[in-house]
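Which chain is which? They are A, B, C and D, in the order written, and residues in each are numbered from 1.
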């Protein structure tokens, strides 16, 4: 149950009520809100006069539910917006990993030429093998930060475990929680206790219920700025790296109020399929895209096979424009 | 290995060579063609002067491979075409099951109003439970055949096991092999020995290799008119009925020469998601769609939750037109 | 609902009632039984005095349910029994495919030496590729039949589509319905209309509900002699051929009344893992095993990697005996 | 490649070589060992005389490979041993979550009565919903530690993210890395830098390659005491909570040198199936079991449906003894 307390209620009083009914208390847009387990659906008599509005929600998908807010949340990322009535589709691109200054500078130029606003690059890489390149870490974050200052981009980078979550929060404009870290309560809690937008990737073995409930962890800590990112699930099919779950995206659009970003690069795993899949995603009317591009993919230190070179990116990008127009979206 | 024999070779000689090298012999467009296991890659010396051209293909995806024919095959369905240079996207629609004359007459009118050409309806239903409605069988096929004669549509209906394959071949214009029958060699063989187009659905537990190899069974019997239909695979996700595998579609477009049809109704299992998914498919530039529609889905005898009513269908259909235009396709 | 009609009811009367309430009529052990959809749970007033007993079952798993018969059915295979109070674990072994007389004669000797009773060998092979060995077909069935006559074994072989189901019924003692044919209504119907035992394999993409409902098709045609065979499901794991679902076996033991046979060879796909997995299955207290063995697996025409050679088989077989004893089972 | 440096080599020299060839250096049993990416397979000439022995391993499963150590590693957990030549099968049991002192005291008595040595109980619970019981945290660890001091048990508890890994390391005898944390490099690194035994659970969406490579992260930090725990993977089957992957266990036994523990409680998700599955696991000859038991499962604050009550546990435990004997294992 979600309970909006009355405006004039004080912090102390709100905290006492939350404690008494075993709920979580958040403060959002000048309002105190308590969320309890969905199993509870009765407000104790003594508190009835403190309550402005309440929402009984059947499952533990509560703050993210369309039964609570019946539209897509609007999220501000510095000077740009996604969701709400913005009709924006945000093209986020850049390399899998930041490798050096020259590489990231080239990527910045790609964005600049296409008037794009948001640069992605991984610094802490959740590699499967301990014997592969593990990313530049904090040094990479600082390089990215420099690029932001120079070009005025927004920067997004991935956190892979709790040990460096505060660094990623400090240096980026959007915090990306990687697929392998989707259940990491340490990360969910830390990113929930601040207000920068969070892009939460679906674990490739996670079902939609778990995915949205991970978002609930962030929301219920008090950060309303969560975006969901579908990036392919693991199935029996091995000709492609993962299986992009667009049926799941339809479900998320119907049942949740969170903006939806699609990562077609990781889903496909091969650059040849990325343009077609990206066109498909755009036609669904989604809020953003996460596409890996690299000045020279064959030399990339990670995910070489799935990154687009700049020419491939540009051709694809042009092809998205008429589709965006057909579905009444602005490609930014 | 695929071997094109010289034009002047006689039937008897072709048969002898095929037998000698354990290959399958087909006769396509006035040419004798022998296909052997992909493990063979040498033509015996004594036959070299009988061979016009040969293709060594690495896997047992041979006749359907882009390494053999580097474009999408053109398939004629009476007066219409898909694949090749046609740039057509064929909208096939109709109810899950034909239930009675009145119902199918209403569906025919929906097609007529939208100038569509191809009507689908199931007669032999591969139901999971023996205690559910099993379809009208042969009687249904005859009703469909009457509708064709009256309106000039092409008719497509499903074969579910070998016992009625000859009936489905006789009464339809496109033979649909259902997902549960994808491995049925009896059906594959019979539909391969005639020339009507075959729409082969991917089994929901079948990987892409097996899917295309099932098509090879038909092609290698001599029927070149095979279309592949992706209709969702079974994954751990249960909020939707199946998971539409568009990564797999990208693979099929890249590696095979067969037209690709998408069935979003079965993939999603819920009508609310069908329009969005269908828009996504169209934006990928595919050859056709298979959409379930019903005059009154709530009363349907099968698949009630996933069929569109006519208004929903019409709204979706209009929305597809600008996307088709954006990707340079004709919606027919 | 399952309805047992009174003993003195005539055939005609039973048929009329079945027709009137849209149920399926079977005649089992001198009793007329009607099964309706599980959605029906009321017997019309006018028939109440014709009914001996009735069972309301919640799902369409009815005749196979423990809510109907609360023990494992006993099935007679000529002179041997499985299920019921027999406490037998039946070891079925033999090659993937029958290849020639010499090979099958050697296999027969393996059985003889170990006092085994049931020989398996495939004749109609559901191969994935049209360019691989497809089995000896009817000729193979006749060879198997000769071996039976010579040694007194029971013979089991697989039917893969409806076109040859009558041949398999004629020549074998147990009819095996292959995993790829689990949904084949033509086969289910034909094997249901006779009384020879049927071993129904679970499709590798089929869930337990569908698996047991396929058995219901056979049972509801009137053949009570159905055994369920788990042989591995398809998952994301590719280091092994399939994933043996022993959790599913626990479910089947708890909820159904059908004997359960385990095929560890196909599940694992590699001979090295077969003995360990077979020991695991035996310790669960199951009704039978289906193990591939071959005089020289490296030369097998199909499934070379997963067949045990005779020495491996013998070592494994000895190791099963103390485990059988520990769980109070007779290995036959 | 794994390189054993000569005994007399100093630390500084070892570090220099490791750095020069981009390898990881560990010190194990008085030996310096360098591990490089498996892509490297040549030792520079200048270092050849510093090398005692080297192992070229094809994949990045290196330290855990049978190609490196061709037997199961022996792991000491205080006074007991698993793996190696011990032939022990370790029964670890206890509740899903520690809830209060009374509950854990009752569990301790169950262990005492059965002469068991190792108590499990969760303190930091990786719950899917933020609105469910999240565990007692550090307070729970301290209670467990008291029980250890009182009874002389070994204690195992789960770490779910990096923020509390040092607490779990401090208070337990075996550190359990939960399935949802399998990819957590922060945890893997911290547990690799100390020597207490680690039980690493397989992520339910993780394949065997990733699972063993996660173990490599720990091993390559210098902790040789890693046990692998299979606890069920996520598949399309929903009648059971997960699917226990015993084919995968066969693979792990064949290809890795790490002891294997089986968790049948989480795999099944329902107590009725746990005894049968546990018997199956024991018959495979594995190194340990992780079974949830609770004084009153119906009142458990988490995983109520899958925990055994004490009577169920005792009945199952007795039944394991003859199977252990049959496969020559000591149940401790």
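One rule holds in what follows: contacts are C-beta pairs under 8 Å (C-beta built on N, C-alpha and C of every residue); 3 or more make two chains touch, one makes a residue touch a chain.
Keep in mind the model is a prediction, meaning the values are calculated, not measured.
With every chain reduced to the mean of its CA atoms, the largest distance from chain D is reached by B. Between the interfaces A-D and A-C, more contacting C-beta pairs are found at A-D.
Chain geometry summary: the mean Cα position of chain A and that of chain D are 32 Å apart.
Taking each chain's centre as the mean of its C-alpha atoms, chain C lies 38 Å from chain D.
Chain A and chain C have CA centres that are 49 Å apart. Each of the following residues of chain B touches two or more other chains: 205, 207, 209, 234-236, 238.
Listing the residues of chain B that touch chain C in their complex gives 24, 35-38, 60, 62, 126, 128-132, 160-164, 180-181, 183-187, 203-207, 209-210, 213, 216-217, 220, 234.
Taken together, the chain A residues at the contact with chain B in this complex read 205, 207-209, 232-233, 235-251, 253-254, 267-268, 272-273, 276-277, 279-285, 319, 322-323, 325-327. By the touch criterion stated above, chain C contacts chain A in their complex at residues 205, 234-236, 238.
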